[in-house]
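The two complexes that follow have subunit A in common; it is paired with subunit B in the first and with subunit C in the second.
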Partner chain A sequence: MRIERRLRQPRWLLFAVPAGSLVFAFFASGLVLLATGHDAVSSYRQIVDAAFLNSGAVGQTLTQATPLAFTGLAAAAAFRMRLFNIGAEGQLFMGAIAADAAGLYLGGAGWPTPLVIFAMIVAGCAGGAAWALIPGALRAFFKTNEIITSLMLNYVAAYILTYLVFNTESYWRQTTGFNASVFPTAKTLPDRALWPGAVIHVRGGVALPLGAGLAVLVAILLWFLYTRTRFGFEAQVLGDSPRAARYAGMRTRRKILAVMGISGAVAGLGGASQVGDFSHMLDADPNGLQRQYYGYTGIVVAALARYNPLAVVPVAVLIGALQNAGNTLQGADFPSGLVGVMQGIILFSALGGELLVRYRVRVGRALPAVEAA
Partner chain B sequence: MRGIVKRFPGVLANDQVDFAAAAGEVHSLLGENGAGKSTLSNILTGLYRPDAGEILLDGRPMQFHSPRDALDARIFMVHQHFRLVETFTVAENVVLGDHRGEGRTFRLRHSAIERRVAELSKRYGLAVDPRAPVWQLSLGEQQRVEILKALYREARILILDEPTAVLTPQEADALFATLREMAAEGRTVVFISHKLHEVKAVADRVTVLRGGRSIATVQAADATPRSLASLMVGRELEGPVVARARAPGDPVLELADVWADGDRGGPALRGASLVVRAGEIVAVAGVAGNGQRELAETVAGMRPATGGTIRIAGRAIRGGDPRAAIAAGVAYVPEDRLGTGVAPSLSIASNLALKGYRDPQASRGPLLRLGRIRERAAELIQRYRIAAPGPSAPARLLSGGNLQKVVLAREFSGKPRLLIAASPTRGLDVGSIETVHAYLRDAAADGVGVLLISEDLDEILTLADRVAVMYEGAIAGETARAEADVEEIGLLMAGGRASHAD
Partner chain C sequence: MNNSLLVVVLASGIAYGTPLLYASLGELLAERSGVLNLGVEGMMLVGAVLGFWTVQRLHATTWLSLAAAIGVAALAGTAMATIHAFLVITLRASQIVSGLALTIFAGAAGLSSYLGNDLNLADNPARHAFHAVFPASVQRWSVVGPVIFGQDVLVYASWACVVGVSLYLSRTRPGLNVRAVGEAPASADAMGINVTAYRYAHTLAGGAFAGVAGATFTLAITPQWVSGITGGAGWIAIALVIFAFWRPALCLVGAYFFGALQALSPQLQARGIHLGPTELWTNSLPYVMTVLVLVFVSASGARRRLGAPASLGLPYVREER
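== the complex of A and B ==
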């Protein structure tokens, strides 16, 4: 058996290999289940039921998938230019803080709902972008490693989030009422600031959150930006060879700032959706939003999607479905570690599958020597 | 080596190649690019395993499973692209990967290693500071480090892949002396080249490869450059075309007392002044590391000038801004094709549009016109006869010659006023070199001012209307080609004074 480099990569492989990796991952996880004495088929049926088929399951899957789509898109946008922004976590928190403030203030001031929502979107993007521009500017002007700086800022953002509700009487904190005096809690958004969802009437009604629609829109916009515009072309060149980009007269610093800004804005929009679509208040509990690790899982989502924005959305749904199933199925008859094992195996086989896109495995002996001329 | 066969997908790189070198000889492996020289040497050094055939060392068959096995047999190779760790010092690079003696100890004893390296470099005339970090060294110096590595490990067989590509004639002569001395000590030197006169100058015997086969092994003394060339190419070559004298036009490039810093921090350009007129080819000769690269980069805007003025077509341009230089009509063929000249993972079409994507032909507002870009790429691929699977294939798949054609096609098609070509034929085969030379001549005939930076004196003498010699960051002298004298130029390159330079 020999492994050779492919001279040409057929297009169908780009779809067949991820699909094959997924099938392989389910098969391998099945072996793990069997080895630990579980019935693989029934476990999978439970997962599918919990993720999609039970009443309300799709809604819960989307609740998980929507933030993952945003953080996945944020990572894909930056990683495509080899800017390793792993600060989507913190940028999402800052987006949530900013959007919550906009919703509380403008909703309270009686603005019409569409305007409030629009302002929340803008604020969320601005909050995330501003937070991402800190490592962006450090990278552009001082050549600091953005991996370290963006990662460290995640902790800062998490502490700010907690501080705003737990340690100070800030604008975000509920200060009146009985509950508020017992335990620190955040203000709930006024009704005008709640994001509407489209309801599809299948299986007793599935609520499609506004954020999910926005994520699809952002995915399409990012795909267009990176494949069809001068901006995307420059980002590609810069990602592949910074020297070649400079040689071609591209403005490197501006591009770094712009891409970090876009990446942060997308993550921040995820934070806005978190507040507007789902929690309706700032979830500052260290065991709440901060325990979901959307920012980090988003990197996995982006990697599985090969940094292609269009692929991020379905991958986010898949990972979201698994997480949802893992959350709901935790119990005596379901192995609690299974979902984690499966995620690991999926990631592992998807990355291994990459090898098959670039190389070809030939079974058999070497070709006989060409007849001598 | 007997009956060596190596195939890659779609290519038969070595087809029943026989090659035998004796102890104490300099044996040259001659052939065009793609003739299979590199594959053969990679097999000999254990990097590839042959699909068929055997390797005999002192009559005993050897099985090399990895480069380490070849190293243990004391077979060492100096690659065309050096295998050095840039952030390490010379001495650290020399012991790197050595698993006997000093390299094996847990704690590196720097002073002992440095002493040994200094000793070797003195004995073989390979001047280099053992403590200097490698990134600070010129290519010629880096090559010496590679040879020192081999000597440090007491190589029995040393293979050098086109070692003179980065050297001046004097440096090459010094290298030849080193190689002859190594052969005299009983080592075997395999010298890979496609430069005929070098092969004549240094080798005892020559094996010619063509199309993956060994064509002939001849005594170097009996061969003429012409006979070797016809063996190598398989047909008779035309003699060098002598450049016609042209009436030069207005100055397109005026450098007045230009200073710029090098990568090491100190000034690398120290008051360089030079004029290039429309329609002429001005060559800059010099020993590697005397500021030629910095000169090219400064004019192209890649490196900020710290003093002096640069005028393009009479207008001063802002230094350190590649876009301003491009807008002023400066085309630049960089020495480092793969690292600077192209974005290797992007498609050929993208690379051809690397500079022109801002033009209305390639984009409308912020949007790219992908159809146009692809059409244009297909057109350029055809016009410049770039051997490529298609416009969407990634540039890194191209061979050196075709990669250079991509860069040239892009730079010429931008309708430049000034074309800077830095070592444009380095590492190319005879056929591609002729093509590149023809392009440069055509450009000059079209009224483009060409600044050719080259370390190959033959190339300079065939192409240039004027020759300027750089030494320590300034122009040491200038002569017209008609009265150019190799000795004189060589003297200027070495820092001597010209008798009739102004």
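== the complex of A and C ==
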């Protein structure tokens, strides 16, 4: 058996492989369930019910999917240029901190809602972009590996977030009132700073958060940027062959900074949506390690979507649905941890399936024929 | 004397640093062969849960059950690393995505928590745990008592591992081969070194170390099982490898330094000493320092001597060299 590189990647494979990975993953997770003495069919039914069918389930799925769409888009934007920004987690926190400050301040000052929301969006993007530009600038000017620096900064951002809510009387923290004296909490946003959602009247009403709409918009913009503009083309060339790009006179440094900035801004927008749409305050974990892992799961979403921004959105909904099912079903008779296991297996099979897209597996003797490129 | 801040922080810094040391030694082996494994946290958690399960399951409460537990933890970590190795070495998948996937698969919301629940491990303390080796009279000696003689066997074994890994990489033929594979796989291949086999072996060894690191939590530091018990130590271990310039002896120094930082914050609080936002800086200092070290290495002329293995993160495909 031999593995050869494909000269042309058939289009149908780009869809068949992710779909096949999903099917395979459901079978493999089913085997895990059976092996540990659970009823796989009923567990799956519980997941589908909790993710889509129960009343209010779709709304909760969207709540989980929205931040994943943003972090997934952030990863896709950077990974397409082979800039491995795995810091969407921290960039999301920084976006949330900045957007929360903007919402608290301007909302409190009595600005009209649309302006407050716009300011929160801008602040979120700026916060995320600024945090992403640290590894970006280090990469551009010192050639420092952005994988590790962006990863490390996730934890710094998480500890800053915790610090602001728990260990200091900061602007973000609620300092008056009875609850605040018992347990540290963050300030709730004023009504003017809450993001509106559209309600669709199916299955008892599904709330479409503003963030979900923004995510779709960003996906379209990113798709346009990467497939229809010179900027996207150059980024692609720089990713595929930095040397060729240099010869062609493309500005490497500037592009690294721009792409990291865009990636961070998208993740930061996710943080703004997190604050404006869902939590309405800075949501921090007292242990400093924020448990949602939106950033890492976002990378997984982007990889499953093969870094195509348009595909990120449906994949985020799918993974968000799993996440939602995991949260809702915790306890009871549903095996905890199953969701992570399933996400992992989906990814493993998608990663393995990647091989089939890029290479062909030939059984038997090598053929001398050369395929036309 | 033995209650002074410095001694207490040093002694518990060594205890807290031990899982970091094991995990970073493992990651170092994998990275030296050119494989970046971001799944350390996941491998640690699976080692932690299965090591703990072994002790609960065996009825003997002798050192044998502890030895078996460490063995099971190492095997569990190896099994997790096998997934990563297969995906990135044989199937040439992205090392970053695969490693993160491993952490999601095995981590706090994945397999380790699934196993912990399924095997009902959360409610009971460990039946048997590692304790200090030396008698209490020795532990009362000034300074060296708590710092050196107050530790359990896992700490002393980790010192042997540091020496072992260090000698292995610098003084043995296979050790030199690994370094060749990590720096220049094509040249290593031309020399007749089996790149694939070396990468597999060292990624798997990395998993075994990570598994033991996890068991250090559930059998020595806090002898119980709680989902997500490692609390991010796997990520610090990855940072530590860079912080130590990919050198085992420096891993030891770094692990105890990071461990001491972890011990410092509660000690300062207990003693009513305020040094600014203590928790913020003690927690984030390891990460910030790692970034600074990386910048220093990449910006200075020492890049080739102190930097990462040249082929770290890159798949090796013989036909495409």
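The definition used in the following text is that the second predicted complex is superposed on the first by the 345 of 373 C-alpha atoms of A that agree within 3 Å, B and C clash if a C-alpha of one lies under 4 Å from a C-alpha of the other, contacts with A are read in each partner's own complex, and residues count from 1 in each chain.
Just so it is clear, a residue touches a chain if its C-beta (ideal position, glycine included) is under 8 Å from a C-beta of that chain, and two chains touch if they have at least 3 such contacts.
All values derive from a computational prediction rather than experimental measurement.
S.K.: Identify the partner contact of A:343: answer first if only subunit B is touched, second if only subunit C is, both if each is, neither if none is.
M.R.: second
S.K.: Scan A:11 for contacts with subunit B and subunit C and give back first, second, both or neither.
M.R.: After superposing on A, A:11 lies clear of both subunit B and subunit C.
S.K.: Between subunit B and subunit C, which one contacts more residues of subunit A in the superposed model?
M.R.: Touching more residues of subunit A than the other partner does is C.
S.K.: Contacts for A:201 in the overlay, against subunit B (first) and subunit C (second): which applies, first, second, both or neither?
M.R.: neither
S.K.: Can you give me the overlap between the subunit B contact set and the subunit C contact set on subunit A?
M.R.: 4-5
S.K.: Looking at the complex, which residues from subunit C come into contact with subunit A?
M.R.: Listed in rising order, the residues of subunit C that touch subunit A are 36, 38, 83, 87, 91-94, 96-98, 100-118, 227-228, 231-232, 235, 238-239, 242, 277, 279-280, 283-284, 287-288, 290-291, 294-295, 298-299, 308, 313, 319-320.
S.K.: Within their complex, state which residues of subunit A touch subunit B.
M.R.: Checking each residue of subunit A against subunit B gives 4-8, 228-233, 236-237, 240-241, 243-251, 360, 366-367, 369-370, 372.
S.K.: Could you list, by residue number, the parts of subunit A that touch subunit C in their complex?
M.R.: Against subunit C, the touching part of subunit A is residues 4-5, 32, 36, 84, 86, 138, 142-145, 147-149, 151-153, 155-156, 159-160, 162-163, 167-168, 287-289, 291, 293, 296-297, 299-300, 303, 326, 335-341, 343-345, 347-348, 351-352, 354-355, 358-359.
S.K.: Please give the residue numbers of subunit B that touch subunit A in the complex, ascending.
M.R.: 5, 7-10, 12, 15-16, 51-52, 300-302, 321-327, 332, 334, 336, 339-346, 350, 353-355, 357-358, 363, 366-368, 370, 389, 397
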